[in-house]
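Structures given as structure tokens follow.
What follows is a pair of complexes built around chain A, which joins chain B in one and chain C in the other.
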Partner chain A sequence: MKLLTLNFLTCARKACKTSAASFPLHPREAELEQVELDMNPQFIRNVLPRVEWEAMRSISQELGLPSLPDTAPGPEELADAEGGPTQILKDLHTLLMETTIASGKLLCANCGHEYAIKEGIANFLLPSHLV
Partner chain B sequence: MQRFLKSPFCIVRLDSAAAAKALLSRCILATGIYELLGHGDTYDALRDNVLSRSSRQLLQYKKLPFRFTLDCFQGTRSTKKQREIIESFGYLDLEGQISMKNAELDLWILEDYSLDTTKPKHSSEPKHLYLGRFLGSSGRKVVPVYDLKRRKYISTTSMDSELALVTANLALAVPGKLIYDPFTGTGSFPVACAHFGATVIGSDIDGRSIRGSKGRNVFSNFQQYGLEALYLDSFISDLTNTPLRKGRWLDGIVCDPPYGVREGLKVLGSPKPELQKEVRLKDGRIAHLQSDYIPPKRAYSFEAMLDDILDFAAAMLIDQGRLCMWMPTANDEDVELAIPAHPALEITSVCVQSFNKWSRRLLTYRRISDSDIDQTAVRRKREQINGATADELNSFRRKYFQGFKDAASSDDVGGQHNSG
Partner chain C sequence: MSRPEDSLPPDLFYNDVESRKYTTSSRIRNIQADMTHRALELLDLQEPSFILDVGCGSGLSGEILSSVEEEDGGPHMWVGMDISSSMLAQALERDVEGDMLLADIGQGVAFRPGTFDAAISISAIQWLCNAETSDVSPEGRLKRFFDSLYASLKRGGKAVCQFYPKNAQQRSMITNAAIKAGFGAGILEDDPETKSVKVYLVLSVGGGDVTGAVSGMQDVDVYDTRRKERKRGKEFEKKGSKAWIMRKKGQMEAKGKVVKPSSKYTGRKRKTAF
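For the complex of A and B:
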């Protein structure tokens, strides 16, 4: 699971949806992998405003990745004078699209439930007593 | 735009030749687009029309190397007759070289015979004629590239590649956008959206469908077509218990929710009392934490799911974002399903695909901005019609019109619809 996707996920339990603690989910026993992927500057520029930056920072920290600036880069920092990608854009691509959790768990800080990630695919199915 | 029933031709007005070419390059169902130089029911009428409307263009094209092609829809012409027809266009007064390979003026004579199936097959004369300058061919040539017969990983629920591409077009999939399929199965819709450059996420309640096996799974389909860079992620989830963070961050949602008796629409949960609390295995281990645990699921009303999808789309799509959803036109008791509605979603198109014994619709909705929502619109919840479910009500209606035939035969459910 790419770190960008993690930024769009909360606990699946309806009971947790109203709690701020259910987002972001916290990686546990996470095996990280860097997977090279062609950069898509247009996508990063489009999606960055939709990212919850504070959550991205805290997860980055939890995973021991280099620390991120306090606020998300603005659109002017994502393109150089010729409209090409800046180093900041390339770094965002590496962080959001190339850093993946191959296996591990995702913990909801509100209810303690853990979702398993296996071969990069997370399982959010709940037993019936938690639905 | 003018369309003629039963004719494959339609006349459209566009801003420029470049716009026409760009439009067709994305089209999956069209084959070509031509600058209309004239049309008519006979060659004489065609000539009069061409000379009256296109003399300015003909002057412009006068010296260009040119060629003619005669194309007949549901008709044929002998080689001799084809030559005669082409030669009859001398009135165009073209002075350029005839060039089959390097024509800059690519003229097409289109003959529409519009086959009438009540009459013998070959009507000798076309019903309508067009003279056009070829501007661009369509995106249709990618359909065989994505043909399911050539795809490494498919299942019985995989959407036909042509229809998946049409759906991606209606969802306005373009580079930079983020599109989600909550019933991704083997990834047919995400692949089609990625073909047009959108970044895609998929999920499904069936984990086996996503994981597949080594070298044959949703991700391997993206690898097969070189679309890995557009594959964001897939995960396993139930739409009615979604882990997706609520907010307006999706550009599009495309789906073909499961219906029909055999596939059986399921959601998480169980009515069994013993499953309403945490279950322990005989050795004390917690059942749901084991790696091979499969959570119980229960049947769910298809119509309720359609409403859930609309609620989800209204909550998650950005303004102008598109929801494209397939649904059958009738349920498994042959009772027509109403097109679902939501005050925040405006229908932009309804396309129908008819099979022998049933048909299905592709619905496209546009998420309108909050300021445009009619606050007084009352959303009719299907469960609230006269205190009974609409299904119950409809079954009753059907039995009523059938004259209350034998209970056993009227309870027989129709065959599984999820084919194609």
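For the complex of A and C:
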């Protein structure tokens, strides 16, 4: 699972919907894997305003990744004078698009439910009593 | 032919054997690719977008999203959800670019509000009509799905769901659940009244006039509650729409006139007018 996706996922239980603690989900025993992907600057530009930067910072910290700047980079920091990709854009690409959780768990801080991740795929199937 | 939806639940029907058969069939791959291209045409995305693929299976629909060229507004990033681990295993084997979740869409879509630019679903949501246990009903699952899908899309976002309704009742049960969730909704049919008819539910999260976003689209019959009442429950048939042309053709033929054979392009406007 890409860290980008993790930044948008919430706990699936109905009871957690209204609780602020159900986002972000917390990675546990996570094994990271870098998966190479072509850079898509337009996509990053498009999606970046929707990324919850605070959550991104805490997720990175929990995963032991280098700490992120206090605030999200602005659109003007993504392209250089010639319109080419800046180092900041490249770093965002590495962090959001290429850093994946290959296995581990995602924990909801509200209800304590753990979603298992195997081969990069998180299991969000809820047993019927938790739906 | 019997419908797989009537035989088994989806996670059991799409087991290892069936998932491999499905994914390696060139006939199926072509059909799924065509329908995904059609859905993309209806979404009309202008820039690389974040897309939810509902019932993504082995990624036959998703890989089309990844392969849209830059000059056509792509490539897009997608997240897929599917209830069959065998289908997802096929996707892993094929090294698709999207992210995937093992999940039951009848339990809802667990993303933050406004996450996605758009959503597609190719040949999946009719499965939601086949759930009958003591604690879940098709209506309940459809509601949970469409309510959460609506919330997960950004304002102005669109969703296109191609599906295979068993009958008129299923078709309206699904459409009504989408409308109740707040979507502006329209239905488009390619090759209507043939064995290979394809039904597309076109949905928009709009401000203001909820039907505005779909009424401008080619061939889409808009569901509008007011119009529906006036027409006493009949679908609205726009003059020049495919449904209208097909009816006229039928009338002409009945009068013994020569009528051009209908194709999937019948009633479609040229690309530039889109």
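Heads up, the rule we're going with is that the second predicted complex is superposed on the first by the 131 of 131 C-alpha atoms of A that agree within 3 Å, B and C clash if a C-alpha of one lies under 4 Å from a C-alpha of the other, contacts with A are read in each partner's own complex, and residues count from 1 in each chain.
Methods note: a contact is a pair of C-beta atoms (placed from the backbone, for glycine too) under 8 Å apart; a residue touches a chain by one contact, two chains touch by 3 or more.
In this text the structure is predicted, and so the values were computed from the model without any measurement.
Chemist: Under the superposition described at the top, does placing chain B and chain C together on chain A give a clash or a fit?
Modeler: Here the two partners, once superposed via chain A, clash with each other.
Chemist: Have a look at where A:F8 lands relative to chain B and chain C in the superposition and call it first, second, both or neither.
Modeler: Both chain B and chain C are touched by A:F8.
Chemist: When the two structures are overlaid on chain A, which partner does A:R28 contact: first (chain B), second (chain C), both, or neither?
Modeler: neither
Chemist: Going by the contact rule set out at the top, does A:R50 touch chain B (first), chain C (second), both, or neither?
Modeler: Once the two structures are laid over each other on A, A:R50 reaches both partners.
Chemist: With the two complexes superposed on chain A, say which partner A:L125 touches: chain B (first), chain C (second), both, or neither.
Modeler: Touch partners of A:L125: chain B and chain C.
Chemist: So which one touches more of the residues on chain A, chain B or chain C?
Modeler: B
Chemist: Which one hits chain C, of these parts of chain B: 235-243, 289-297 or 397-405?
Modeler: For chain B, the listed stretch overlapping chain C after superposition is 235-243.
Chemist: Where on chain A do the contacts with chain B and the contacts with chain C coincide?
Modeler: In chain A, residues 1-2, 4-5, 8-12, 14, 23, 37, 40, 42-43, 46-47, 50, 52, 97, 119-126, 128, 131 are touched by chain B and also by chain C.
Chemist: What residues on chain A touch chain B, complex-wise?
Modeler: My answer: residues 1-2, 4-5, 7-14, 17, 23, 25, 37-40, 42-43, 45-47, 50, 52, 97, 114-116, 118-131.
Chemist: Which of the residues in chain B come into contact with chain A in the complex?
Modeler: For chain B paired with chain A, touching residues are 175-178, 199, 201, 203, 205, 207, 210-211, 228-230, 232-238, 241-247, 249, 251, 268-270, 272, 275-279, 287-289, 291, 293, 295-296.
Chemist: For a test of understanding, state which residues of chain C touch chain A in their complex under the given definition.
Modeler: Touching chain A: residues 47-50, 70, 75-77, 79, 81, 83, 88, 92, 97, 99-104, 107-108, 110-112, 114-115, 117, 135-136, 154 of chain C.
Chemist: Give the list of chain A residues in touch with chain C in this complex.
Modeler: 1-2, 4-5, 8-12, 14, 23, 37, 40, 42-43, 46-47, 50, 52, 97, 119-126, 128, 131
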